[in-house]
């Protein structure tokens, strides 16, 4: 088990390195000169000033040197300094991280809390009218773009009910009520498609499991349906859902980029967006690496949870 | 300032704002556009009564400052963020009875001031007993002339627009704690207006000595104390109890939320969570709808100064031909654009019409009437009877409205046979690689205001101008521009400036300035005393008060 | 934004086409009646198929169906509500929303189709190679690269490509393909690994079939069903993704009508002229729904476990 | 009632008669009467079982034999109420004379299922939940039906594992199914089935997936347990060797119907149905001459959707004649022995003579 | 008689070279392994097996699951690459030849599977399935091939109407007939039947056995007949090899091995078969204890010693080798030359 975890971690680090390389290269290829952009407000700058700024930002070094110094910094947790704010990227990320994580987790929670029962009901009432309607609803959930859902909610909640989210983001430990009032709608918009995916996946894996031999065995023991569904079928069919959630987490993290901006949530998603626009390489790089690390970590976690639930994996 | 206020998004708004060159009105700012204010909306509430103290104002802005350092950051966001925290020596007047955008100044930190005969030496007498905010490391100590010296000396070491403002200052001295003397290289009768520029806010020496971080902290002498700033989230300001203006501010404080999405802002306004929403540039219909939906909501429409433009690269075919450029100018239905796409605005020549020395909108309209037939003739004359095809670069960094305008222009041009394909670039690419590198043939974009007619002309139309990114190289024009700078008589100079602009419109015709659009502010019924100045400073917030003290 | 439902990949993989080891109790009717059987067993699937056909027809015939030029700005009729003249109203530039929605179908479908072609081919190719050499270093390298693509948030990946290449339909296709490749790769590889272990592949080797023949005659035909399922689900995902890209202004460039772009343009005036965004939004959601339903239906249909 | 009664419900009548000899043969526990089961599929409704009669008495081993698809497993699943998308279309499944399992409410059924009737399945590799330890799954049955506490159940589970011959049951109780061999898993399945001391144990091909040496172990275990606990055993198999070794009585299925039933000696020594006879001949034995062809049965078992109207074996029967187009009745040859063949009716007198109980 | 002579086929006479000669064949499967993973000891599926198979002969191969008999079958066909040892087919060593050199041999040796349906590509019709080997080996013209298909179906007792159908439309017995037909398309000289009748019902099993036997008689094909049912193997085989944990335990004539098994394992196997006898003649069997050990960690010495009722001291130390004993070959210390002497 520990060997498995270590092996997975090493693979994760390898992927992280690949991500870094990929993003680094792409960022350097993207047109748009960060130095010129920064000096856009200073008319009549001289070449000397341009060079000085480039040197200050470390952009005068060969790309390989820049890459190497970034990597060696990253290993020690130093992701460099933002071109824009001149703040350490690590610090900026740490400041922005909680909001994004919370949003992501809320969306996942929403998708699980709603998706799991829907999936189970659908599977139990397989092919019934209820099943068909729930399937239609969940497929519809995937079919509406989340940004669109978000905008509709914002606009019509305020027009019809005079409701709008609280103005200022508050971390959950600052003011839980405000925090949830802000997070509710984006989490809903973000979690809808994951919810649909969860219920679909659970439905199909549940259908498969309930037709398996061991469920028949459990039934032959005279176990009540509740026990059959929750203990045996449930645990067995939730396994692929975990994998799904791990992958969905990537989508949800991606989704924060748009939704955080729409909902004024100071998280990493909105940070990435501006930073790409502003060619703030260190921040983009830092954020993407961080997203990648979170994604890899979550999926590692999923695999470990999987191994905890499924003894067959634990010992292989 | 800019621009990007439409839904667009997202943090692109921030980009656009930073992108503005010199995002401030200088001392030379002129009258507000006469046609741009909606008289009914701007009227004071009739039964508002006398100002009462108390309450916290809730407002929102689409993007936040990247830094609070007024000398390192030139963006609107920075100046709006610290405008009520710091003070200047002088400040532009604002108020109910003061004309919007006046260039008249009043004392701020300076109680009074005088110049010598030829206006080369200016002496400012500072208020006594002014204290900084009670925050470490300044801790509420008294403001003295030393702080002015610290500030000016810092400016002289840093690049940026503010350096240009005081470039003529050769010496600065503080004979005593409450007197500061500036010596100028050349006469400047308007120097008291120069120091009213929000770039020249006075910092405490602790700040210039780096005892606190100017990027993230602001400790000044203004009406409001910056209690908390969390980047991209909010700014919390509270009334300065020791503010030197008596009975000000009325508010207990105000709170700014950063809301990048226009939809969210409107929703918050509609649900009463926001009381003031500035910098809108929405469609007239949207404004009307909003006004009808929310009781007591008022609109304040302010003449803008950001020009919409078509950039034509005169070094590239076919725009090396004046006739082609003129054809483009005649082909565009500019009044239609204002009507169809903006909530208000006025036609503009090379210099924003509200500036001294600018051509009036009426004259601009006369010089380049909308005339597709004429455009076709001009094209035929230039050897393009069947028109031609081109790629027009546009950035969505200025917001969705600009992209829409580009499409409008696209259809107008198509009607005279010019077939342009819109190529969207993100702001960084547009600015860094296309526009500033003259790497375009035709482009659509914005030009945020410069400081004066002179600056427009010298920066953009001199053959070696700093922002001459259109390839204009006209010796006669160079000569004319140089000449006007030597004219000391204001009237004569204005005439010369206007002559140059007529010449540009008819003989240079690149870039094509189309119009400036109005900005709108939505004010909820309980907010009174909001009389802003287009310098984007927030000093005037000290005059805002809430009906019933916000209760 | 969930650009592609990762679950689709898994579910498609689950839809093991024909499981030789569990022969159905009844001999199956001949293949040509498959469509009929599909229609009978999967009413949602049938409805979806009909809807999709409608959209394809819309896309194909839009020059004849559209009452106006979708690009023409009727300057005098900006933001008009739906009327007999403009059945779906006009947008903020006075363009006919109906015509734009019709043409939007073409853009959205084309983007999705080309994305599927580009991303699908590359993904299937890599997946086949990866699956065929399962466990070897070739497989390892391909899988790590795919992991990398998947670990970068999709929207960031799209931002990069858009910033790198600039917005255009071609570049949208390239950007979206990057998201599609890992999906197809994963399913193909998994299927290949499974098929590789099938007895009939061993039988083919015993007969003396070359690896190439095994791949083309045994591998690909048995891959088709799950890939078809995945395809329709990814197709739906791509249409959403295209709209998200256009919404961000980095997808289909103006003035080309695409549903995403129209959503973006219309959402600013959601309160005053809801029709501008409503119709393209409806069209988008309904067609995405249709592709999702079709994928679901095909999965159920092809999965022998579901109709025992 | 005469032995030669010809009727569809012959076996049922036999049972009625059988109750008269209850003291000898034991009390009837399970009485399946005229049971038909159909499955709904994409291709329509298929009848998997039609008019099946069989009884299981207290303490006896009834072997149900037949080829794949003959309906023997469906019968077992029908008794267990685990037909899935199939349903009992007619007939009764009387348990202990007072409950009809075919129509029982789920709750009542559950009390019998697992408690009074337990079942062992063919594939021990997939019949245990892979996510729980065998101890957990054993305890579940104990806690469900015997209301045991956790600790109590665990101790009992260890005892049960020991009883079925699992070495080191104290540690194996915490093992997961995948950590055990096929033979051990089948032992665990048996332990679970026996956990609540059922009165009837249904074993559906319990050794088919196992190697011969392990099969011998498991059969020997089953036999010992059956004897020790006086459990009735309904053993479903296709292997006549297993039948010979285990069964008291045998029911031979063919294509969804009972072809013949009787004591093990009736069937092995005096088979009356041509199918039973052919089946016994087709089994390779150590004595089968190697230079001659095997006595095979020609043709194939008809598929469910193309069942012939009359005798279902007619197509393959070497003795087929005109009457076979009609469905043959069950003919009682002796009190225990009956067969569904027209030949037996023609031959009734001799049948009575030959088939009289020993 | 020398050891090799006994291993050789007898039915065909000594002077003729055997069709197949397997010598010291070893196959180890690695377990785990990979970039970052420790390798466990390999599974010794086949661990030093030698035998030969004459033309027209049937060699039975019996053993429990995990004894390595299926692996051996695949090694013989070079569907797996052996770890050591050699397989000589008709004088040609195929263990080291490249796949391109093996391909022509493929038409001369074929495999019949336990589950015929899963050995057919579900997307191919019976006709396509039957044509495939001929197409691969370039046999005949399209018309000839088609005719051959019909012939083959006829030979295995199926109507030509089957050609257009798909595999899943057939019952197990029919499918196995098709499997046999497919194996016969290239006129092979060697057929490896891997549990070819194990999954079939008794009545069908007999049909297929008869079919196989008649084909062999007509065409003189050699069979390597892998099965776990000793009665079936005895019926069809000339000689029988008993395998246990990758090694041969006993080799002998099929009647002889059933009548007088030497190896305790063979004895136990035979004893385990339930006999179809009347209840009066029932005997209580004492089953062999335990199960086949994990082939990646085989016991030391004689691998059977953990279950052997007759084990003695030498068994857990010395590995027994095959010795001739009364016409059979036995790998058991009980029959060591010195022990018997």
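Per-chain residue numbering starts at 1, and chain names A, B, C, D and E are given in the order in which the chains are listed.
Heads up, the rule we're going with is that a residue touches a chain if its C-beta (ideal position, glycine included) is under 8 Å from a C-beta of that chain, and two chains touch if they have at least 3 such contacts.
Not measured: the values here are computed from a predicted model.
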**Message:** If each step moves to a chain the current one touches, what is the fewest number of steps from subunit A to subunit B?
**Reply:** 1
**Message:** Using C-alpha centres only, name the chain that sits farthest from subunit E.
**Reply:** B
**Mean-CA-position distance for subunit E and subunit D (Å)** = 33
**Asked** Taking each chain's centre as its mean C-alpha position, how far apart are subunit A and subunit D in Å?
**Response** 55
**Prompt:** Just how far, in Å, is the C-alpha centre of subunit E from the one of subunit B?
**Reply:** 90
**Message:** Nearest whole angstrom, what separates the Cα centre of subunit C from the Cα centre of subunit D?
**Reply:** 51
**Message:** Give me the residue numbers in subunit C that touch at least two other chains, ranges are fine.
**Reply:** 24, 27-28, 163, 248, 267, 270-271, 308
**Request:** Hunt down the residues of subunit D that sit against at least two other chains at once, touch-wise.
**Result:** 84, 303
**Fill in**
Going by residue number, subunit B touches two or more other chains at 9-10, 12, 263, 266, 293, 426, 428-429
**Message:** With touch defined as at the start, can you tell me which subunit A residues reach subunit C in the complex?
**Reply:** 11, 14-16, 18-19, 22-23, 26-27, 29-32, 132, 135-136, 139-140, 142-148, 151-152, 155, 159, 193-194, 197-198, 200-201, 204-205, 207-208, 211, 240, 243-244, 247-248, 250-255, 257-259, 272-273, 276, 288, 291-292, 295-296
**Residues of subunit E defined as touching subunit C within the complex** = 34-35, 74, 77, 79, 103, 106-107, 110-111, 113, 115, 117-124, 132-133, 136-137, 166-169, 182, 186
**Message:** Help me check something: in the complex, which residues belonging to subunit B touch subunit C?
**Reply:** 6-10, 12, 262-263, 266, 282-283, 285-286, 289-290, 293, 333, 336, 340-341, 396, 400, 403-404, 406-408, 410-411, 422-426, 428-429
**Message:** List the residues on subunit D that touch subunit E in their complex, please.
**Reply:** 67-68, 181-184, 211-217, 219-220, 238-245, 263-265, 268-269, 278-280, 282-286, 288, 290, 293-298, 300-301, 303, 316
**Request:** State the interface residues of subunit A toward subunit B in the complex, per the touch definition above.
**Result:** 30-34, 36-37, 40-45, 49, 84-86, 95, 151, 154-155, 157-159, 162-169, 258, 261-264, 266, 270-271, 273-274, 277-279
